[in-house]
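Given below, in the form of structure tokens, are the structures.
Next come two complexes built around subunit A: one with subunit B, the other with subunit C.
== the complex of A and B ==
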């Protein structure tokens, strides 16, 4: 790859995170909110990208982890008085358990059927939680941690998730598992014959994605202070993640960052238009798929060879 | 045992409706290996179209089909011709995501135009029943759903067997390059196939509109039903559609009978997961 012209590419990412991380020092409350949303979407979309863009696991059921973890946080803080960040962590671990249970059924499926399987699990959880007295049926729960965390604390929790998810994806892709995943993406049969452990690599990514998506969702619900099954387990979450990753560029590490930024910006602009905003997001997503199916970063990489974090080692 | 007969009968009849919901999606999957994630929303679009024609021309819901079906044919033709054909290729994700985007656009456009209120297509059939013995009643509307569902399946089967276009569609699906060498414009053929799939969706939409209430956001719910039917029955199999529809509907209605109406959908999903785990290719599918 043409590495020379982009000698300072690491700086770009460093500056981005320094700017983001110091928002509480210089930014307004609105900037802080913007940064918080950006971090949350960055972490979750990075995980969807790991599943779809690199592992070939087309998940349409990320909302299963989002809702499950959110409810775990709500129940632990409300009913048991568990410390808020500990319960967020436990929420992530519960997501992993859920992912393990789901994998018993859905890892026999491929492609779109895997997607439908994950979606059906999310729908089952939605029905279960809206019929469950313990979590007050469909009316939802308020999340009232005993010492309420400040906005800045929540922001830094989200910041850690964003940074952490980026680091995890980078490390996975640069590891032996990542090499195997990319070989598998190119040709599944051949990679298996040369010894790539497809099942274990895929399962590993699925569990990692469940953990980070779940933990991030925990932070999200600590911020939102209210959880309700019809919102928490809604397919809308996946729609948002799809949009972010497609716009940014599927199968690139920088794509979800760019996509999240554009998504948060667009939703802030279009906030006054209600449902029209979803309509416009849908139109943009289709146009991008037709004109530049690799998204912004994917097209940029193809045209100029520009990458910040390359999974390639040479 | 006596009180089980009613849910079993209703399940069989509802299965016919579920079959016709899944039919268009199953056909398209069989032909272009495309999973149309907007299928449910396109079906709900035809329910709304029927609503418009009923209000505009004062038609009965059944007659409105004569107007809705051609419109949906054109819609399907355009969607396949201008959107989906351009992203068909080796990879599975692009057409899937385009369909997903289409689904978002459709839902929110319907919401803008028709507001989130519940609608239904009024018909005097919905309250009529025919008594069959002391405790068993045949709900006329469900019976009509079942009969029309079977008729559409049969018609589609004959279309694929007997007509030139049907054979051309099958040829393009079996061997795209070979079909092109024989002078078939395969891309055009796919657009026709989508148009025909959308005509079955139009029938499904009108029947669903008469049988249940619908909102702009009900599409995904029927998409999952269609998936369930496809997966249980087997991909690309028309007989499988009917069997899958009946199994799914029985699972839901019998489940609701034993555990309460709140769990009706849940029981359907559980049966679906069991089938997926045990026989991923479906009952009529080839391994």
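== the complex of A and C ==
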């Protein structure tokens, strides 16, 4: 009995990823671009969801990792000629170091104060990079690895990040840490009294999220080529992640997948409507929040019990 | 009890009926999305197209919106002219085909600009990319043009930041340089007014502020100027009294700045309130557009100086319509009741180059188009365009001063033209007080 739901969940997910992963074989160039953006947003929003939806770490500073890692890739490939994918990986590791450093300060804060703390770090980085001669101040850097990677390679790098982020979140949530995290999110004091190691669990998630967000951002900037501090460290990134996760369903593993799909689809579709696109995007967000406050997947789960990947083991 | 049952289903097994129901729902969703998705995502009908398509990423919203303002007025007008007799002869079609343009909004955001440029290439399959307005638009789009190897024509963004992304093969750019054009221009204007050569720098912490202040500090000292620089200020600074007090103390007579309009409005008002009025104030970016100048209020704009890259006084004619710079500005004023804007000429010139290139190439083959751009030798409404080995062409820059106008509240007079004497002066520099 218990096998059946397990199977169909995996089938659905498997088909989704096989379809996505074979785009270079059957899809047009545009499908490839669509898939690439989808994978990038999926990986980054999955990490924000892990922080906010499961660990209760309201991060408003994901752009710190995005910009930091993007700049790492730019500097390594331009100034040191490091192999592009190696520099992407190093970008992720640098993000972990940054997260460790940040945690010294912000892990003393809770809730919204934690959020503001992360945001301040991102702003500090913005000021730092825009005043740093080594990275050419605010003029920005071009990421020019030799030889330039093909779109298919960039797509697969993003695909690995999307798949990897999903697997990591699933494994964390199914583990002892995940159970502790959810207990912690629901009631921190009680969970601590029953033996959940709050600090270590939170830090672990924060570092994992920094690594995956950073690495994904590295891939993003390999695709983008041009990086400039005012947008790389802008709060806009977190706003996009919030939009995706809220629309899709916060605290669900499928939420970020659905949310990313909708976000990329909407932005691509609305691009033809120029100035009004932002208004329409805002209206959709408000409507979904009013009609389905738990997001699409969250509401679907509540109403029908439909889940693809459940963090629960019962 | 109901709740319990529900709980059970949620956590544990799903019975067969429910599974069927849900999978039917899922299949239904997938199928409906299958109907809508291809409509949104599919390739634009590139196979059977009967027109030439130009991609035009444009900063229509966000902080650069004033640069994008002339769109789509200029675009529509230029296209109407190009397509007047059926368009341009392209050998693949064996006939003349019309030129169409696809304009997308970059939201003044380089990340978005890059994404949108990719989309124009892979989805809309544009034959040519034409793009303008500041490094935030031009740099990311140039990168995408190089990646996808399609011909690109770029204008209106200082050369130095653009050259950082080179060497370019597919992108060709036309505009002026900060070091070679802005510096002699500004200093040339200052030298026409008798001052004590003490310069106060007011520049924000942004790409232009950082780059311009560095360049000016380097060149001003050897020329006998004393520079007072209190460092870069943050955007939307509300209090400039520290700067003003220091300038008063050091007897600054020349104010040099480059900032966004709201910051200059605040700073310039405070200067007047606190009794600091320099003899010369030369400001980049903030006072390019008449709307921003008018917003200063009262007589405050009188005598401010700035760079002029294009104006109705420029003695150039459009290769497309034959109209002069003056004609284009008049047509704009007639259509919109607004004063002319500097980007209008550059927007128009982009289409002049594009039409010229397409006519000479006579094909949509990418390499042929690229060669045709490289061979461009054309007199446009912004001056002569001929790209060099590094794929750029420097366009003329003169100096201007805002004075009280007749038709509109404020007029921009050309007061310095030493490097380009063919652009007539329409006034002489005067001291603010």
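FYI, the second predicted complex is superposed on the first by the 304 of 314 C-alpha atoms of A that agree within 3 Å, B and C clash if a C-alpha of one lies under 4 Å from a C-alpha of the other, contacts with A are read in each partner's own complex, and residues count from 1 in each chain.
The rule we apply is simple: contacts are C-beta pairs under 8 Å (C-beta built on N, C-alpha and C of every residue); 3 or more make two chains touch, one makes a residue touch a chain.
The structure displayed is predicted, hence computed values, not measured ones.
Subunit A is touched at more residues by one of its partners, and among subunit B and subunit C that partner is C. Touch criterion met: A:131 reaches subunit B and subunit C at once. In the superposition on chain A, contact of A:120 is made with subunit B only, not with subunit C. In the superposed model, A:239 makes contact with subunit B only, not with subunit C.
After overlaying the two complexes on the shared chain, residue contacts for A:78 are found with neither subunit B nor subunit C. Of the two partner chains, subunit B is the only one that A:112 touches; subunit C does not reach it. Shared-chain residue A:306: touches subunit C; no touch with subunit B.
Of the two partner chains, subunit C is the only one that A:139 touches; subunit B does not reach it.
Contact with subunit B, but none with subunit C, is seen for A:283 once the two complexes are overlaid on the shared chain.
Overlaid on A, the two complexes show subunit B and subunit C touching the same residues of subunit A, namely 127, 131, 275, 278. Interface residues of subunit A, counted against subunit B in their complex, comprise 52, 58, 104-106, 108-109, 111-113, 115-117, 119-121, 123-124, 127-128, 131, 235, 239, 242, 246, 250, 275-276, 278-279, 281-283, 285-286, 289-290, 293. Listed in rising order, the residues of subunit C touching subunit A in the complex are 6, 9-14, 16, 19, 22-23, 26, 37, 40-43, 60-61, 103-105, 107, 109-111, 114-116, 118-119, 121-123, 135-136, 139-140, 143-144, 147, 161, 164-165, 205-207, 209-211, 232.
Residues 1-2, 4-5, 8, 12, 28-34, 37, 127, 130-131, 136-142, 144, 148, 151, 223-226, 228, 230-231, 236, 265, 268-269, 271-272, 274-275, 277-278, 301, 304-307, 310, 312, 314 of subunit A are the ones touching subunit C in the complex.
Those residues of subunit B lying in contact with subunit A across their complex are 35, 83, 86-87, 92-94, 96-98, 100-105, 107-109, 111-112, 220, 224, 227, 231, 262-263, 265-266, 269-270, 272-273, 276-277, 280.
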